[in-house]
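Same chain, two partners: chain A is paired with chain B first, then with chain C.
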Partner chain A sequence: MLPLFVLVPLALLMIVNLPVGQFLRRWSWGLTLLLTIAQAAALICFAPHLKAGGFLATLIPLTLELDNLSCVMLLAIAIVVGASLLVARGTVSGMKQLSNFASLVLIAMAGMNALALLRDLFSLWLFFEVVGVASFVLIAFRRDRGALEGAFTYIILSGVATVLMLGGLAILMLVGRGESSPLTFANVQAALQISGGLTAARLGIGMFLCGLLIKGGLVPFHGWLPGAYSAANAPASVLLAGIVTKATGVYGLMRVVSSVIPPTPGVNAVVLFAGAAAVVIGALGALYQSEMKRLFAYSSISQVGYILLGLGCGGPLGMLGATLHLFNHAIFKSLLFVNAAAVEQRVGTTDMTRLGGLGSKMPWTNVTSLIATLSTAGVPPLSGFWSKLIIVVALWQGAHYGYAVVAILFSLVTLGYLLLMQRKVFFGEMPAELANTREASPSVVISAVVLAGITFGMGVLFPLLLKTFLLPVKSIFPLQ
Partner chain B sequence: MLDTVLVILLTALLAIGALLTAMTSRLLRAAIMLAVTSAVLTAIMFRLNAPLAAVFELSVCAGLVPAIFISAIGLTRRLDPEGLKARFKDRIKRYWFLPVILVAVAAGLSQIHFVTDFIVSAPDSAGETVQTVFWNTRPLDLLGQVAALLAAAFAVVVLLKETTND
Partner chain C sequence: MNILLLLILVPIVAGVLVLLSRKTIPHTRESATMLIALVNLIAVIALFGQDLPYSHSWGPFKAFSLDLRYYSFSSFILIAAAGFTLLVTIYSWRFMQDRAHRSQYYGYMLLSLGFTNGAVLADNLILLLFFWEGLLGTLFGMIAIGRPGAWKTAMKAFIIVGVTDLCLMLGIILTGTMAHTFKMSEISLPVQGLGITAMLLMCVGATAKAGAMPFHSWIPDAAVDAPLPFMAFMPASLEKLLGIYLLTRITLNLYKLSPDSWVSPALMTFGCITILAAVMMALVQKDFKRLLSYHAVSQVGYMILGVGTALPIGIIGGVFHMVNHAMYKSCLFLTAGSVEKQTGTTDLAKLGGIGRLMPITFTCFIIAAMAISGVPPLNGFWSKEFVYDAALSHHVIFYLAAVLGSFFTAASFLKLGHAAFLGKRDPANDNVKEAPVSMLAPMILIAAGCILFGLWNALPLNHLVGPSTGLAAEAQEHAGFHLPSLLLATLTCVALLGALANHIIGARANGGGLHAADHIQYAPVLGSIYKKAQTDGADPYNFATRVAGYFCTAGWACDKAVDWVYDGFTVWLTRTLSFAVRASHTGSYALYVLWALVGAAAVVIYLTRIMP
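Here is the complex of A and B:
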């Protein structure tokens, strides 16, 4: 079954682009949306039955594995890609452009699905590149100066990351020359454990991780992220901020830290410090932004820091918190970017100094934005509260009191800058030129309502979800 | 002795070729230097007992890619001598540190005596042919390459093709 997650998007891409007139291309958006719904439904209904092996695996022997972290990631991919497609319906003009967008989304989706399922460092790098190339084009999709500049910056930094990652892989291959597949997670972990880790293997994995941090826009390599997000068009920024940088960044890091690097207090200390730095740098950066998408980008950097704090705890509870926050953050950050898309669609700008009082004109956008804001800040009973609570409890249990205090304090800072954004955009006095503003197009509103529903539902139904769906996630983390 | 001299010579040529590719003020020269750099890399790969990788490097990176670059450059307008001079100065101003870094790294590396000999040949593939590696050992990577090529094709369609509003 598992190869279908990679093969179906690619097959659909080829089918909708067959040179048989415009008929199939007209359906590409709808078919891609159906695929995302099917993926989400398959994961929710049949997750325990999806497994490696079976008839298809013998026919196409792709080395893929599914665990609970993969399930969470695949579900987040399906939801955010679906939301992005709905936003594209309302904001991308012309059938050809919409079809091109859907095709690029299919490539990115195939790449991200593969990232969630594979267990080999070389394949991990290769699919980073697949998602990366699709992302360059998505950022540059608008073809104006800002978009091309954002894409160019991403390409250059991605090139540097590629050199580091390939260099690291080459060193790891030298270390594991005796193995037939020296770069599988298990073999690299074995190489790192030989007499406390060979220096060359450590250097290799270190270089690979540096490349991964650049590609995922993680602190201290986050400089390109705000520019790329704000330069991309609305649906592309939903996709990039919501899931692409999660799949290529923090998910990759979680996978490498939990499956490749042997858990040691030293590694955990580095991850914790990086997480706390991201929380602080992102939140402080967000305080000084006057453009919505840039503000959300900095907020994203800060929230990814929380995921790292959970990961750095080095225990099942921390891993559970990190995984849950990865999912929640993908959803509520996508929602904030959908709200920015709604404002941009109707007003033509996301510059907060030119906005105000839109709440009465755009009630759906206003309410869903408030839900996303409160969830990001960790206000109960929304989903963000539970994941942050678990992370703080895990930090406290691990005697990382200082980091726990930072996590709580900067949640308040998050609440502050996001409520300020809410006030500037949706409340206060409305500029005269915005008097005729109306609610965003139905597809954008539907996208926002679905994401807000998930954020609210995940919060309210948390006790139920915890036992049935979330607790098994801890099983992927080696118990200490 | 002769072998060591050859290694140093090829590595130096590779570094100089890459440096000139980045620093030259004419696009055409940059494309040609890129081809030369790839040709030197091909020689290094042959020496490291990786003939298939070398063949790919020679045909694709030293042949096809520069040919595409040169055809694209053929469609552009030539800069006047004044413009070229200004660009040359700009390049020097922007990238003066690259040769400095290169010399510093070379000097640093020459001082380190590696305990492990990193200049190793590729392992014997024990009967594994390219076909078996591609199709049997790493089919997922093959799929990844297909996806990357499709993404590149869409990049050309989306970014370079004029679209009409329909």
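Here is the complex of A and C:
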């Protein structure tokens, strides 16, 4: 069953791009959207019945496994890709462009689905590159100067990441020679444990981790991120900010830290420090930003920092917080970028100094943006509150008091910069030239409403969710 | 429903209704207030002689149980309060006729009556405090409805009395904690250790209510600003009754004050200072109402002195003086009201020679003034003699202070009577008429009461003062014309004659009754003290507000500092850091790659060194 998550998008990609005229390409957007809906539905309804192995497993020689973290990732991928497609419908002009966009999204989706399921380092790297290539093109999709520049920065830093990861993999292969498959998680972990004092293995995994940090845009590896997010066109930025960098960077880190590296305080210390640095620098960078998407980009860095803070706690509670925040972040950050797309669609700019008072003209965008803002800042009862709460509690229980204080203080700063954004864009005085602004197109509004509904519903129903879903699964991450 | 509850609730409910009433039929509010005051008076007189306890507990909240007790002492105070309320209501009918805020005036009056009844009936300290604070509210209201700008005086009174009520509250809490009950009839604590603090705190609350120094300074201001019957109603009668009632309860029942304890001379000193300082201020006043109001302060000193001796005769004297004072002082305020109503002024410089035009008012004034000065055989004479006797048993200096106070009291009333009613008449006052009957009647009644209580002092001593203080035997002993000491009475008469002589000489020398005390006012040492006191420098309220002002400034500075930390420093810090972060993102690939490589090196080095 599991290979289908990779094979179906690839198959769809091939089918819609068959050289049989424009007929199939016309359908590519709709089919891709259907695919995301199907993926979400499959996960919600049949998650316990999805099994590895079977006939299809013999076709592709990949070790795929499904656990709860994978489920969460796959669900987030489906939701965010769907939102991105809806936004693309409203903002990308022309059938051809839309179909191109859908094709790129399919590649990225196949890659990310694979990442969520893979259990060996080399394939992980391989699909990082697959997703990476799709992202380069997505960032440059608009083909103006800013977009190309953003893409180029990303390529360069991704190159560095690739070199680091490949180098690390090579070292690990050398260390683990003699094994038939030296780079599966279990084998690497064994190598790290058995060797005891083998510096080479640590060097290898360390380099691999650094590659992941670059991909995830953690401080100080984040140089590419603000430019890439803000230069990409609206749907691409939703996709990138919402899920691509999470799937490649943060999810990879969570996987490697929790299942490859034997639990050590040293690694946790690195993760905690990187997380706190990202929280602080990201929030500070966002605070006086005047460009909406750039602000959200810095905010992304900051929120990813929270995920790392949860991960760095090392316990099941921290891991739960990190996973929840990963999912929540995917939802509300996509929502913020959808709102930015709505503003860009109608006003043509996301420069906040030229915006104001749009709340009365774009009520849906206004309200959904407010929900996203409050959820990001961790205001109860929205979903962001619960995940941040769990992370702070986990930090406190782990005696990381300083980090807990940082987490709380900077969620105030988060509220500060997002409310400033809210005021500059949706409240306050409206410049005269914006008097004729209309609400964004239906597909954009629909995606915003769906995302806001998920954020709100998850927050309000969280106690139920915790009771029926999270607590019964005693060990949420069996690999831990 | 229990009659005691009705005594409290009926005036309060009626007061609220009157407060809410709009202009309807003329005189409804007045007659309603009068009716309630009359019914109240009849009820308390009808109950006289009985001992009625009432208790209703609110489940587990023992401390707040509704304990009431009607017994000899409370019945005495209740009758006095009811009587004065009725008389002042009758008087107010014409006095307040053309004034604004009558709904509030009568409403507050009824509320005050209800609260007073409650405070006197209360047998639970917390309940007492509740009604006590209620009176604070009506006090504020009744002053504030005076002439424009009176709210400042009302605020002053509210702050002063409020602060002392806070002392009372602290004292009550301490007392209740030490006694393990708040029921007054069950408390009986020795005066020692923390008990002294608690007792003194409660005494501060009680004496401040009565208007003793240094909590008096709102009274002269209120005399000018508030409607005049209020002065006769609250500071002259109800508040004195309540304050001295509580003081007596504290020293007699709640605490076992013995004459040997140091608290007793302390209270006496406090009383003497109040007598002398206030009477000296009264002597030099040039306004009818202000002069009277200082006496309202001064006379409290005699009561505190008497009760403070902790001797039976002193306590009898103090309590007797309390009711006497309430009579002659309210009478005096009522005559002041008549003069104000008829001439339009109470400035002594503009008055003079109206005694002939207002003979009844003048007669009442003379009787009350003689009573307050302690001229035999009026009621004031007897109570003062008792206090003198008790003071002398402690130390001669207390006695001397009290007699000196008497001398100045007599001197100031000679001056007041001379300046207001005798001497040359201002031509503007030629057409002044006698006050209306409804205003004269209360004055006459009270003046007659002064004579009655003087000539037949066995009536109050045997039936009111004696039983209420539990000293019936001692009271009986001194009732009638049985003076404690003939020598002291003679000395008192000498002092009074001295005052008369002083007045005559002073009036001759300084030209006119108004300036009869000028030689004292401008005497070598006193002159400078008076100058300072006249410029408000001696008002403790001004000092306290100044100190409070410093605290406010300091608090404001702290607040600003905290504000600066949040609004200034934090913003500056985040802004600086934020701009630093932005400035470091130059868009240079090389820089970003460098960061990444340095970071990677750091991570790898750290990991290789730290992992096992």
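By definition in this document, the second predicted complex is superposed on the first by the 463 of 480 C-alpha atoms of A that agree within 3 Å, B and C clash if a C-alpha of one lies under 4 Å from a C-alpha of the other, contacts with A are read in each partner's own complex, and residues count from 1 in each chain.
The working rule: a contact is a pair of C-beta atoms (placed from the backbone, for glycine too) under 8 Å apart; a residue touches a chain by one contact, two chains touch by 3 or more.
Owing to the predicted nature of the structure, the values given are computational and were not obtained by experimental measurement.
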| item | value |
| --- | --- |
| First, second, both or neither for A:141, with chain B first and chain C second | first |
| Partner chain(s) touched by A:254 [first = chain B, second = chain C, both, neither] | neither |
| Which superposed partner A:224 touches (first chain B, second chain C, both, neither) | second |
| Which superposed partner A:127 touches (first chain B, second chain C, both, neither) | first |
| Which superposed partner A:413 touches (first chain B, second chain C, both, neither) | second |
| Contacts of A:210 with chain B and chain C, given as first, second, both or neither | second |
| First (chain B), second (chain C), both or neither touched by A:267 | second |
| Shared chain A surface residues [contacts with chain B and with chain C] | none |
| Touching residues on chain C, where the partner in the complex is chain A | 574-575, 577-582, 585, 587, 589, 591-593, 595-600, 603-604, 606-608, 610-612 |
| Touching residues (chain side chain A, partner chain B) in the complex | 6-7, 10, 13-14, 60-64, 93-97, 100, 103-104, 107, 110-111, 114, 118, 120, 122-123, 126-127, 129-130, 133-134, 136-137, 140-141, 143, 174, 177, 180-181, 200 |
| Touching residues on chain A, where the partner in the complex is chain C | 149, 152-153, 156-157, 160-161, 164, 192, 196-197, 199, 202-203, 205-207, 209-210, 213-214, 219-221, 223-224, 226-227, 264-267, 269-270, 274, 281, 284-285, 287-289, 413 |
| Of all residues in chain B, those that touch chain A in their complex | 116, 118, 120, 123, 136-141, 143-148, 150-152, 154-155, 157-159, 163-166 |
